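Below, each structure is written out as structure tokens.
Look at the two complexes coming up: chain A is in both, with chain B in one and chain C in the other.
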Partner chain A sequence: MVGVVGLEIHAQIQSTSKLFSGSHVRFLAPPNSLVSHFDASLPGTLPVLNRRCVEAAVLTGLALNCTINKKSLFDRKHYFYADMPAGYQITQQRVPIAVDGILVYSHFEGRKRNQVVTKSVKIKQIQLEQDSGKSLHDDERSQTLIDLNRAGVGLMELVMEPEMCCGEEAAAAVRELQLILQALGTCQANMAEGQLRVDANVSVHRPGEPLGVRTEVKNINSVRHLAKAIDYEIQRQMEVLQSGGTVLNETRAFDSKSGFMPEPNLPPLFVYESEASVPGGVDPAQAVVIDRLSTQLPELPSVKRTRLVETHGILQEHSFTLVVFQEMWKAPEKKVGQIVKEQDLWMINDKEELQKICQRVVDSHPEEVQIIRRGNKKVLNKLMGEVQRETKGRTDPVKVRAILEKMVS
Partner chain B sequence: MFCKCAARVSRALRPAHPRCGVLTLPARSDTVSASGTSWSRWTYKRESSNSAWNSKVPQVPTWEPVAENQLPPPTRVSPDLVDKLERLALVDFGNKEGVDCLEKAIRFADQLHVVNTDGVEPMDSVLEDRDLFLRDDTITEGECAEELLHLAKHTVEEYFVAPPGKNNNNKNTITKKTSCSIRT
Partner chain C sequence: MSASSAAYRPAAAMLGLSIREVSQALRDGRVSATELCRKCINQIQRTRYLNAFITITEETAMEQAQKADSRLRTGKPLGPLDGIPFSVKDNFCTENIESTCASSMLKDFAYATLSFLRSGSTDGVFGPVRNPWSYTTQYREQSTEDPDSDWLISGGSSGGSGAAVASLSSFLALGSDTGGSTRNPGSLCGVVALKPTYGLLSRHGLIPLVNSMDVPGIMTRSVHDVATVLRILQGRDERDSTTVQAPSTPTSLPEHFDIRDICVGIPKEYHAPGLSEDTLAQWSRVATMFEQAGARVQEVSLPHTQHSIVCYHVLCCCEVASNMARFDGLEYGHRSTVDSSTDAMYATTRHEGFNNVVRGRILSGNYFLLKSNYERYFMKAQQMRRLITEDFTNVFRSGIDVLLTPTTLSDAVRYSDFIREDNRTRSAQEDIFTQPVNMAGLPAVTVPTALSRRGLPIGLQLIGQRLQDWKLLTVAHWMEQQVSFPMISFHSDADERELERSVRERTHTIGS
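So, the complex of A and B:
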């Protein structure tokens, strides 16, 4: 039996304002301060599409070898949830902005993990859609607190074909996608901050036989966790089947294909191949031109790595490490050691320093600490994410978790 | 909800009562309203022989009754479908009257099948031939938390508050159902 993994990725578009309104896009802000009348779904408000978000989707589509649909449409997906005041999400279900792409990624195999294997996964489509607000569940008082700051932020949903077999492949694909999005500047792709959200659809089957029942793996905030969670789920499903049971699919009610209707307030979105193909009546400042955006594409990570190997004669597996140090590209004559010191990239292993940082995070998140103390252990992941963020990922998650757990209890 | 005249029409599939839907024109001089202005302006235009104004509203009803045999078989709404619809729409209509009304409404809409749509692309927006306006990526709104929070009956420290769902098989039904009683 083998595992089958398909990823659905939501990438928050790096833009100043939201997808359909002029409110600011920002991670940390007082609750409900970055909310316009449209974001709050007040009657009489209408969506106005942000050109930067369209360009971000086209750039991402081009980088992933997609076909850009010159005409794409917006739809409403209806479901009820407190963090979505309109009762529907504006998305692109029927005709999205980009389809049929490929993500090429590599991962290490072999006992010494030094053999580079190149794989690819097909991208079914990329669609523009709205993000929802955030809900904080207060189980003790049986209430849910809603912050709409994130409601209406632009997302690119990337749907991949279920062509991966395990957590490691999924992790490698996501890491490559993060590098690409960061190089394009269309998404900062930080999983801990929720800028990149990955849902994995996991099933198992015997090759040649029909696909098995899928379950979803969600709410993962790091690539490492993603790989572990996927592998755990594959293992669990195999054990269930091997002992004669059946895998239960607990898909939510609103994941069904119903509840869609065209968005009547938005005409079709047109993007143009070249300056020449923009019709006379269209304002040139308004037009999104694919050729113009193509010229803005930066050198993608895979191209960088190839260039490194060929120009500097380094080992292919080392090119992967080097590409992550973005400073290299700004000043190629610097040495690695110098850069690591300047960018302060060494791991923080000093126990006292770790304690100090963790204490800072705990002190600045009293609400989350309360929620954890009341029994919701999952919120600890948020605090861990904060520590990782503050230290730019230079800490060992196992150590950090131990320290935080002690501090919170 | 479903309007009374829809229910009435669907029962008989006859042209609507004259008071419903189609405007009938009042006689020339005897319908000037108390306020005077709007109606008299309108009748004035009606009387003017070189008026360019041309009402799109037909002067007499143009309906023709649609025979039952022109329609597809009637749709029956199964109890399972009622449950699913109630869950998706958060509406209570799972009683005989409610289901009856829904089936009649579907029957009324079945009349659309009489129209030949071969080779015609469905229209999903009357804006289909307009240009979609794209705005610049600048901050023009927001920073009105107080104004928005004032609209809610119950808030907690600058957060809106939502009650947890009653159907706790999945925590996604986080709102209550509205009950829908239909009078035909």
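So, the complex of A and C:
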């Protein structure tokens, strides 16, 4: 049995104002201080599309090799929840702005974890939609507090096809996406701050057989956590099936009833191939033109890495690190810590954690441990390699060796 | 006219002038804006038994009148409407004034959007607004019963707006038109009511019913007045993405206009069952009038007409269900005291705030929007909507300039008769001639043509091509001049005193 993973990613668009209103987009502002009449759903207010958000979606679509739909439509998705004041979300259900893209990503494999394997995952579509507000449940006082600052902020929802097999692939794909979005400037992609939200659809099956029941993994706030949660869920499902049970999905029932309706207050969204294709009645300065945006595309991370390798002879695995330095250089206000955190590159220094990891490796290699005890110390290197593989090289070899030696003796 | 000559008009008669006339009177100094405002407010008080007004912003109106006066005195009026009081249907959001939609859901609700609006709000969307015509002497003499116990409806849903203009309390009233809500009371109250092309007037600030059909409506006592107002209000608004650029419009309707250039279509499907004899007679009379003046008049067909009302109802319910989803008591409006859970609060708030007509529409709309029903109801209705629009397009393409139809099935009925059928049935009858126009987004105007044998107004509807509102009004203007409809006017002072006394004796309160 193998795992099947598909990702649904919500990326908050980096823009000054919200998708359909002029209120500002800011993280950590006083509650309900960035709420316009429209955001609060006061009757009589109407949505007005933010051009910057459309451009961000087109740029992202181009960077992911998507087909940009010259005409796309807006819809209302209805559901009652306190953080959605209008009782519906404006989204693009029928015809989204971009479809059929590809995300190419790499991850490390091999004994020395220095073999770069390139994979790709198809992007089904990218759609523009509104973010919801935030609710805080105060169980002590039996009340819920609502902050609408985030209500109406523009999101790009990226739907990936279920072509990944495990947490590691999903994590690698997300990391690459973060780099791309940051390079484009369309999203800051910080998971901890909620700028990038990833939901994973996980199922298991035997190759050749139909796909299994999907469950959702949600509320993840780091790439590492994502990988772990996905792998845990795959493991759980496999155990359920192997013991003769069935996998249940509890969240899907909610979706099937909610009604969709075209958004009557927004005419179809048109973007144009080139200046020449902008029709007479439209002001070219107002129009979103794909050619014009293409010229604004920066060098994407994968291209940069290839260039570093080919032109400068850098080892491929090092090109990943250098791209991080590039990030630092490009966005000096970002502290190294932030980038390292976003890219999940921190060295593991926590003693307990190191112990745990080493213990796991030792427990899962009883034969090797025996060989070492019998005198062949070289085999310790293999165990060290395992630790490095598990932690993706984020450990100090000296410390690891010391711990392993102690455990094995 | 000089100030000292017989230009002086009795105080009350000023109220019966058209916008054009009173605008001139203001500029000439024959009346001041504050005097005019005071007169309107007095008239509103005198006719309060009509129940047309929800809020009267007397102070604000007088303040603004004073400002208008200083502008008029220095010869710098803001425009042709400066100094003229007007009324607004209560579903328009007005700065610092409650907009309630006559609903307990929005009691005490106010926020600022439109800033040029002035005097009071009007209309009971679901409340009993009475037809001012039921109080004219003519009718009362004919009736054997006490008319105050058996009053006539004013139509709706902009009934208050219609009553305000007809009773001379306002020179202009803004209504809204989703399926005929401005034209219907226009016809029953004997005033001119225009539903402009969809997208020509901004809906920003208009509390929506059906976003894809709502249009602000204009009600006045003459076609020329409607044209004046349209010219001021029309045009693109960046806050409403469905607005379009207004076509270039001359400063006033043409003085000389040759009706022989016009081809009038009479759609045969509009011979609906239930059409009253009087209305049918008027329709024939006016068609003949056009013909005898040299216009081409021909019968045309709009084959999908019979399906329009049902599709209108489906689409209406769907959009209403969607638009009403925001009324949850959280951010504004009525909130129930039940707070055991968010869901419980939502449910009771909405149950308390909405009456059964609204609740019925919401339930129906949600049903039609279910995934399993979407194609069969919503999609089908939209497809039919396109066919109805194409019916009109085809007719206009074949050389027709305007269509002439009845506006309502009959003159105003008694309230006691009206309530015998449920709202759904009544809507289907009331909107029969008007809603296809909203489905197609076209402009249409109702013009009063004559009084029925019961002494009540009958209006006829002219329908025009998209964005050809000016041409439509040109033809309507001609028609208005030919039919010589008797406008409501003031009795002499003696009659007025008698009227007031008898009304005072018989007035009783009806809750809205």
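The working rule: the second predicted complex is superposed on the first by the 321 of 409 C-alpha atoms of A that agree within 3 Å, B and C clash if a C-alpha of one lies under 4 Å from a C-alpha of the other, contacts with A are read in each partner's own complex, and residues count from 1 in each chain.
The rule is short, and it goes like this: a residue touches a chain if its C-beta (ideal position, glycine included) is under 8 Å from a C-beta of that chain, and two chains touch if they have at least 3 such contacts.
This is a predicted model, so every value here is computed, not measured.
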Given the superposition on chain A, are chain B and chain C in a clash or a fit? clash
Contacts for A:303 in the overlay, against chain B (first) and chain C (second): which applies, first, second, both or neither? neither
Could you say whether A:86 touches chain B, chain C, both of them, or neither, answering first, second, both or neither? second
Who contacts more of chain A, chain B or chain C? B
Under the stated touch criterion, which partner chain does A:24 make contact with: chain B (first), chain C (second), both, or neither? first
Tell me which partner A:73 touches in the superposition: chain B (first), chain C (second), both or neither. first
Check the residue A:48 against both partner chains and state whether it touches chain B (first), chain C (second), both, or neither. both
Should A:144 be classified as contacting the first partner (chain B), the second (chain C), both, or neither? both
Regarding the shared-chain residue A:136, is it in contact with chain B (first), chain C (second), both, or neither? first
Looking at the overlay, does A:36 come into contact with chain B only (first), chain C only (second), both, or neither? first
Who does A:260 touch here: chain B (first), chain C (second), both, or neither? second
After superposition on chain A, the stretch of chain C among 75-83, 201-209, 417-425 or 435-443 that runs into chain B is 417-425
Would you please give the residues of chain A that touch chain B in one complex and also touch chain C in the other complex? 37, 40, 42, 48-49, 78, 80, 82, 144, 146, 259, 261, 264-267
Given the complex, residues on chain A that touch chain C span 37, 40-49, 76, 78, 80, 82, 85-88, 144, 146, 256-257, 259-261, 264-267
Any idea which chain A residues touch chain B in the complex? 15-17, 21-24, 30-40, 42, 48-54, 73, 78-82, 135-137, 142-148, 252-254, 258-259, 261-270, 281-282, 286, 288
Residue ranges of chain B touching chain A (in the complex, touch as defined): 87-88, 90, 124-145, 148-149, 151, 156-164, 170, 172-175
Contact residues on chain C for chain A in the complex? 92-93, 99, 106, 111, 113, 203-208, 210-212, 238-242, 318-319, 321-328, 330-332, 342-343, 346, 366, 369-371, 374, 378
